[in-house]
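Please find the structures below.
Consider the two complexes below, in which chain A is the common component and chain B and chain C are the respective partners.
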Partner chain A sequence: MIELTLQFLSFMASALLILIGIAGMLFLDNLIKKIIAFTLLSDGVNLALVSLGYFEGGVVAILTPGTSVAEFPQNAVLIFGPGIVLTNIVIGVSTTAVLVALTMVLYKRYGTLKASKVLKGERK
Partner chain B sequence: MSAVATNLWTIPLFVIIPIITAILLNLLYNKSRTIKVIAIASSIVLFVLALISPYGFQWFTGQPGVTPGGTYTFDASIFSYRLSLEYYFGGLQQILITIMSLLLVFVVFLSASSLRKNIGPYIALIFLLFMSSAIIIMVNDFYHLWIGVEMGSLLLAGVVAASGESISQKAALKYTFFSALSGAGMAIALAMILGVTGYSNITNAIQYIMSDNLSSLSGVLYIAFGFFVLSWIYAGGLAPIHPLKSDVYGSAFPHATVMLQTQSKLMIVAMGLIILRLFGTLPFAREVMLSVSVLTMIMGVTMALIQTDLRWTLAYLVVAHSGLVTLGISLGTVQGITGGLFQAVNDIVYMSVLLICCEAVMYFGKGTSIKTVGGIAKRAPWLALAVVIGAFAASGVPPFNGFQSEIILIQASLSSGLPEVAAIVLMVSVTTFIALFKPIYNIFLKPDNSPIAMEGDAGAGIATMAMVQPTSPVPKSIYLFLAILIAIIIVLGVYPQLALGFVQDTAIKVVYFPWVP
Partner chain C sequence: MEMKELRGSRGVLAAVALLIIFIGVTVAFVQLNGNVARGISPEYNRLAHLQQPNSLSAWVYDWRGFDTLIETGVIYVGAVVSVLVIGRGLVRMKQVEGEEPVPQTSLDLKIGSVNAILKYFIFPLVILLAAYGILIVTGAATSGGGGFQCGVVVASAYLIGAVFFGKKNPLNFRRKFLIAIGSFGWALYALLGLPGYLVTGYWQYNVGTDLWSSIAGFPAQIPSILHTIFGDPYRLALVLKGGTFYSTAGIVPLINIGEAFNVIGAICLIFLVFIYGWSDTEEAKA
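Here is the complex of A and B:
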């Protein structure tokens, strides 16, 4: 029997976000909707990364005055996940900016946001 | 093999100089003469730096290593758990960065000569592409590797889109969408390895995996391996998503493709070696990598055969020859890895010759399609000679460099008990010859019957080229660059040990001491 812990639920939520994101990127025809699907995928990955480091009763991995140095390593959540998430947010914003810029240029050229029309007849 | 310096002064310069140059070029924007002087001076400095740099480490964030006894050390030769983000500059890094910086000099010069507007931002992107490639090949921690690959993907999209053709912008858009999937996969793989081993340093993670019970980790390692291979396939443009990368190569300016294919080769080598070091002990890991390599070679050359445009033929051949590089790495033997790394060096050089020749053909004003252009050999015999030498080198004809690396790959395949793989390498050589000589015959030798000048849609993007104007003279600098690259092709073909000395050390370390960068 699978225990419905907070970590398990957040993994499920992240899997759902990732699947919605991938499906949206692959099957939606509108370029802006594809970009929104990409941001959902990125959020799903971020949630998965944070959930990896979480455990029940854990404390934030910052050593503050008054915290027992001996107990800190046992109680602190893994810092790697949130560390990667911070970088992933920056990368996600940069990627979104590039995607939006390219979509704008292609919209000006073709007058449509439909990927099927924009990408049609791409090879000379 | 021993490391000599813990905080090597040259390593940060490979990152800082391109960034400062890129910022300056962006500020100067369209002052072409100043941009040209700064960019060429900066690329020459990078070339000299790569040539003279000693070997060693750089602990980028400055924290000491922690020894098993609990003491701190700044000595890279002592075993310790590295808290800093670590870079390593050795023989492999030296030869690859030297060649890349030499090509950077050429590409900067060609860009500055042929572009009419927005030169600053365009060359700035090329410098940042160099920076991301240098990071990827020197890095010894997962975190920086991931950032380098992500940056490289975005910069590649920028360089491609800058050509201003609609086909380039579409290729860049598709590539960026897929980069989202691959980047997400790599982030999860990175988190899994960090979660399981506790180390972002590749050396420490490998030591942990080798010293602990692998079976308890293997489930997680398999998933991480899968995501890493996915990123490797994406970054290198390997099969089955090779059309994405060949679209990118074919739709960028040929001189930009010189840098793009160099970046891809560096990514393939760096990530391939890390996968082999980290997951080499997993059953089926090498078989998966080998399958991807064989599929890439076959798909690449098959697609190259049916092209009718030199640009697109080269785009698919770059992909096919990436398969040769990954094949050597996937074999996992000293001979195989040596052959793969040597092939990467050779491939970068002869493909650059062919791409620069392709750029020169565009100066005749009729594009690069076999249907529109012909009779170039009569008007530019030296260019015809250069393209034939490049094609011979790519097809593995002696005494050129491609022959030396391909023969090592064939021997390595036979030594590993894989004669069928050796046969595929031979088939790739022969098919490359056929695929290249069809456009070469039509473009260079066949009489020119078409008076119609090429009508491209260039001009809408940030960088508009002067070369699309009908019949501009081919710049003399192109002949100079081709002569230098052909000299390298012949020297490496006759004296392969000059390059083998740089790559063999890495191959030995990967096989026998995988924890050593």
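Here is the complex of A and C:
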């Protein structure tokens, strides 16, 4: 029996975001909407990675005055998830910038943001 | 693909494909739920009182410092590719080689329509955002922020200034300046790995903190001069339950500054090229 923990619900939310992202990228015709779907997909992956580090009763992995040195290693959340998310955000920003730049060039060339018309090579 | 093409059998096939993907992703997550190995995380949390209060920052720059160096290069490559695609139109498809390059026109920003009173509110916001970015990077060893966060905040300040003030942006970064600080930041990050490499053979080894040289089999002992140069300036007294510990983040604060410069350069360059384009005449006008 699956327990409805916060981690499980978070995983399900990220699965949903990933699915919406994939569906949007595949089936939406507008290039800007495809980019938005791509960012949703990326956010879903980020949410999954952050959720990996979560456990019930965990505390943020920053030492604050008065923290017990002995208890901190076991109480702090796992840091590899948020660490990988940092990478993913950087890659996401770079990729989105390039996608938007390419979209602008395609719009200037074809006068439309519809992928179907761009693929057919219909010029304005 | 247009939505009307998804009617009939193609739509059914698409729905089935999405269902298979959803089931695959969900099953993977269900198996992960509650079964995540703790890995290296507790080790860094155990050493946090000797290194720096922010374990995440220590992990990012120590355990995967080399990865982070490459990742810092990725955003700069993203900025350069954006400039190439938008600005000069160098990326052209093979079948349209004979055509004219993409026209060089800047985006239309209706600066005049912005209320003058709003500008008085935005000016201090831009300055405060830039100051907040500097605050984040200088406190990165003890707080949750870092070089990337600083870069994004300062770039936001630049974008807000560009939207509301246009060419009279309080943060009037020129493209040569952005290229210079971006390159300087990446070079600073890369070169900070050199002392560790020369002494231990490990690039990005944190010679200031020196957590691992006491372990048997470690290739070298770190000279005390490197502790003095890279460790002592960032020493903190942490008053914790269990005693007072004199930790030092070592080269991490310097790496954060390098990454901040790199990200400010890269993201502001992306914003600049989206707003003003890249032709020489636009730069002269700005």
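By our rule, the second predicted complex is superposed on the first by the 120 of 124 C-alpha atoms of A that agree within 3 Å, B and C clash if a C-alpha of one lies under 4 Å from a C-alpha of the other, contacts with A are read in each partner's own complex, and residues count from 1 in each chain.
Just so we're on the same page, a contact is a pair of C-beta atoms (placed from the backbone, for glycine too) under 8 Å apart; a residue touches a chain by one contact, two chains touch by 3 or more.
Keep in mind the model is a prediction, meaning the values are calculated, not measured.
Once the two complexes are overlaid through chain A, chain B and chain C clash, as defined at the top of the document. Applying the stated contact rule after C-alpha superposition, one finds that A:Phe80 touches each of chain B and chain C.
Once the two complexes are overlaid on the shared chain, A:Met25 sits against chain B while remaining clear of chain C.
When the two complexes are overlaid on their common chain A, residue A:Val45 makes contact with chain B while staying clear of chain C. Touch criterion met: A:Gly53 reaches chain B and chain C at once. In the superposed pair of complexes, A:Leu113 makes contact with neither chain B nor chain C.
Taking chain B and chain C in turn and counting the residues of chain A each one touches, the greater count comes from C. Of the two partner chains, neither chain B nor chain C is touched by A:Ile36. Looking at the shared chain after the overlay, A:Leu63 reaches chain C, while chain B stays out of its contact range.
After overlaying the two complexes on the shared chain, residue contacts for A:Thr95 are found with chain B and with chain C alike.
Note on the chain A alignment: of 130-138, 454-462 or 472-480, the part of chain B that runs into chain C is 454-462. In the superposition on chain A, the residues of chain A contacting both chain B and chain C are 18, 22, 48, 52-53, 78, 80, 83, 87, 91, 94-95, 98, 102, 105, 109.
Listed in rising order, the residues of chain A touching chain C in the complex are 2-3, 5, 7-8, 11-12, 14-15, 18-19, 22-23, 26-27, 29, 48, 52-53, 55, 60-70, 72-74, 76, 78-80, 82-83, 86-87, 89-91, 93-95, 97-98, 100-102, 104-105, 108-109, 114-116. Interface residues of chain A, counted against chain B in their complex, comprise 18, 22, 25, 31, 34, 38, 41-42, 44-45, 48-49, 52-53, 78, 80-81, 83-84, 87-88, 91, 94-95, 98-99, 102-103, 105-106, 109-110, 118-119, 122-124.
Put simply, chain B touches chain A in their complex at residues 143, 146-147, 150, 154, 157-158, 161, 166-167, 169-174, 176-177, 179-181, 183-184, 187-188, 190-192, 194-195, 200, 247, 309, 369, 460. Residue ranges of chain C in contact with chain A, taken from their complex: 1-3, 6, 14, 18, 21-22, 25-26, 29-30, 32-34, 36, 38-46, 48-49, 53-56, 59-60, 64, 67-68, 71-72, 74-75, 77-79, 81-82, 85-86, 89, 91, 96, 102-103, 142-144, 146, 148, 238-243, 245, 267, 270, 273-274.
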